[in-house]
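To start, the structure itself, in structure tokens.
We just call them A, B and C in the order they show up, numbering each chain from 1.
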Amino acid sequence: MEKIFERLEKVRKNSPLVHHITNYVTATDCADITKNFGASPVMADAKEEVQEMVALADALVINIGTINTFTFESMKLAGVAANKKGIPVVLDVCGAGSTTFRNEKCRELMKTFRIEVIKGNISEIATIAGFNIKTKGVDASAVEVDKYNLAKKLAEELSAVVVITGAEDVVSNGQDIYSIKNGTNIMGRIVGTGCMAASVIGTFCAVDEDYAMAAASALVCYEIAGENAEKTSDGPGTFKTGLLDKISSLSEISVNKMKKIEKIG
Amino acid sequence: MEKIFERLEKVRKNSPLVHHITNYVTATDCADITKNFGASPVMADAKEEVQEMVALADALVINIGTINTFTFESMKLAGVAANKKGIPVVLDVCGAGSTTFRNEKCRELMKTFRIEVIKGNISEIATIAGFNIKTKGVDASAVEVDKYNLAKKLAEELSAVVVITGAEDVVSNGQDIYSIKNGTNIMGRIVGTGCMAASVIGTFCAVDEDYAMAAASALVCYEIAGENAEKTSDGPGTFKTGLLDKISSLSEISVNKMKKIEKIG
Amino acid sequence: MEKIFERLEKVRKNSPLVHHITNYVTATDCADITKNFGASPVMADAKEEVQEMVALADALVINIGTINTFTFESMKLAGVAANKKGIPVVLDVCGAGSTTFRNEKCRELMKTFRIEVIKGNISEIATIAGFNIKTKGVDASAVEVDKYNLAKKLAEELSAVVVITGAEDVVSNGQDIYSIKNGTNIMGRIVGTGCMAASVIGTFCAVDEDYAMAAASALVCYEIAGENAEKTSDGPGTFKTGLLDKISSLSEISVNKMKKIEKIG
């Protein structure tokens, strides 16, 4: 059973606190989307307080988009604290594959604490899986790889849910593979849609221990809102504004009508 | 006399420079709203330049939303420089009550320089007043306390204007207590409305030495714009965009018709 | 020949990677506008990775809006790497003239690496040219100066293209002087329009070695989108959203009908 709308309702009812250590480019977008889903976002990143903030939180989202040596230390402390508390950690490997620094920091984070969900575009996730790839800054490069297999194998190896975002999203927990084909092309042409996806995944994982289904359900809801927003938008500006509108008005009918989690393997 | 619209007109005419040391999550929102009120926002936070920037400014807004040890040093230098110049300092105790670091840093700031207005939600302000409370990240927790009394007593103790934001805002200078009931529920469901309120308060205090009435008038104007924005919005996305629109079009009629500063005590 | 639309089409076709080291207030706006022009923005600023990120990029945009000693080091490394790779560097001297720190850091940057385009408002550029001026934070102060001559002389001195933005933009490469009168007053009343202009200039320079014409064409396209956005906006909020819409829908007809690069000298 998918129970996508039930999951959304649980987010709205529980209003989980989702702590972020993220980049300053899309921080507003990530906070907005988390709030619009009915949760409560917070974005502290000083090493002196992240552990205590995590102790209040229901999920931790880490995004390496503008990582530096200071926030790296905070990420490690926050991750360990999240493990200790038993709340899920979502790692958005934003820009992995573009620089050595980013690749190394990702690896060090994954060695330092347990990650429940790792999320990226195809070239970011392929980098994490050990392929020698160049990501174009924070946008995906073309990668010749079977993404179903990539997600499943990496999930197995990491004992974590792997999410590969794109026109088709792939989610795997190492056993099952799910495909989500909701969404619209315009989401790929807008800054922050990838980062927001990680926030939404963190928000759903905060209230649901089946992290693969939580992540897949998060993407479905988020992307259905995107489909709805496209209908009333005149371009990327009004689309982003509309996306925030449509999230708070997601109804059972729209979610159930359009849900498209397909089990691939 | 309330003279709310006169105060707004004075902001528009004088276009004060409002220096901010704030968080990176809502910095854009704060800059936007300050500018839309007709003022000029600036957001420098390097310790090497904040004193000189404050020397140009007409008000200083400090928000501890993503405070760290570097910006803390800059906040102290900026606050002292503002005191020296005689311009008002507004402190938004964003997230006070969530971590020890935040609570301590607030206390240290308040010991280092004089604050003209302190602003927070009910659990943030209760924390500052010494109650042992947990704020949910940056969102208010329920607090059983008489907020009129809390505002008045804390204002007296700190010799500063205290602003408690919420569905009903309370403003006190330690003698008088004002209540503002403008605004709309959606403002509580959007990221940045609290931070923006502090920017607007700073903007009004920049041109008016009656800081209690300036703060109350700022909230009335801001929240009337919110009421106007709600009428044309389809959700939180278009609401935020509309809010920015409605600020620049605030007219004497709308402000005077709807103003609701009520003297409580 | 102006070939403005051809330049826009080249941006859209090549989708250059535009690396930014910029401020956290308008970073989202800058990323959004760069993406909407069809390019790929990235905003890393850790000194450990900027050189490698620049090595992937087609242009580098540096904005000193919230510069500090850490990002200053990264800016120097990035600028030198950009020179080495031969990609254009656009320097937005945001807030020059407001503090000694900013003025000195600008000078040091310009000594450390070669700049292809320097961009600012009238008081920022006059500061760089050695006039003793106070910029009002990041907003222009009135300056009594012949801006055509200022642009030309400074361009000659720096061997760089100089762009002075305002109701009339002036662009000079030290030989020719161009005037652009597109745009609308509302662009001056909105946060981030100046920073976004630098991003757009960097985006056009990424695909075109005639930096003066690339900069001028960038401004024309950006400002025509602004004119189009004004027609459908109700104020500064919907204007900014509309601006992002209108960039992706810029057509040959609208660009050619309205282009207004005038050769002054």
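Keep in mind that, in the parts below, a residue touches a chain if its C-beta (ideal position, glycine included) is under 8 Å from a C-beta of that chain, and two chains touch if they have at least 3 such contacts.
Being a predicted model, the structure only gives us computed values, none of them experimental.
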item	value
Same vs different contact residues, chain A with chain B, by half of numbers used	different
Copies chain B and chain C - rotation angle from C-alpha fit, nearest 5 degrees	120
Computed distance of Cα centres, chain B from chain A, in Å	32
Two or more partner chains touched - positions in chain C	24, 28, 240-241
In the complex with chain C, residue positions of chain B that touch it	17, 19, 24, 27-28, 31-32, 35-36, 40-46, 48-49, 52-53, 56-57, 70, 232, 240-249
Residues of chain B touching chain A in the complex	23-26, 28-29, 65-69, 95, 98-102, 134, 136-139, 189-192, 233-238, 240-241
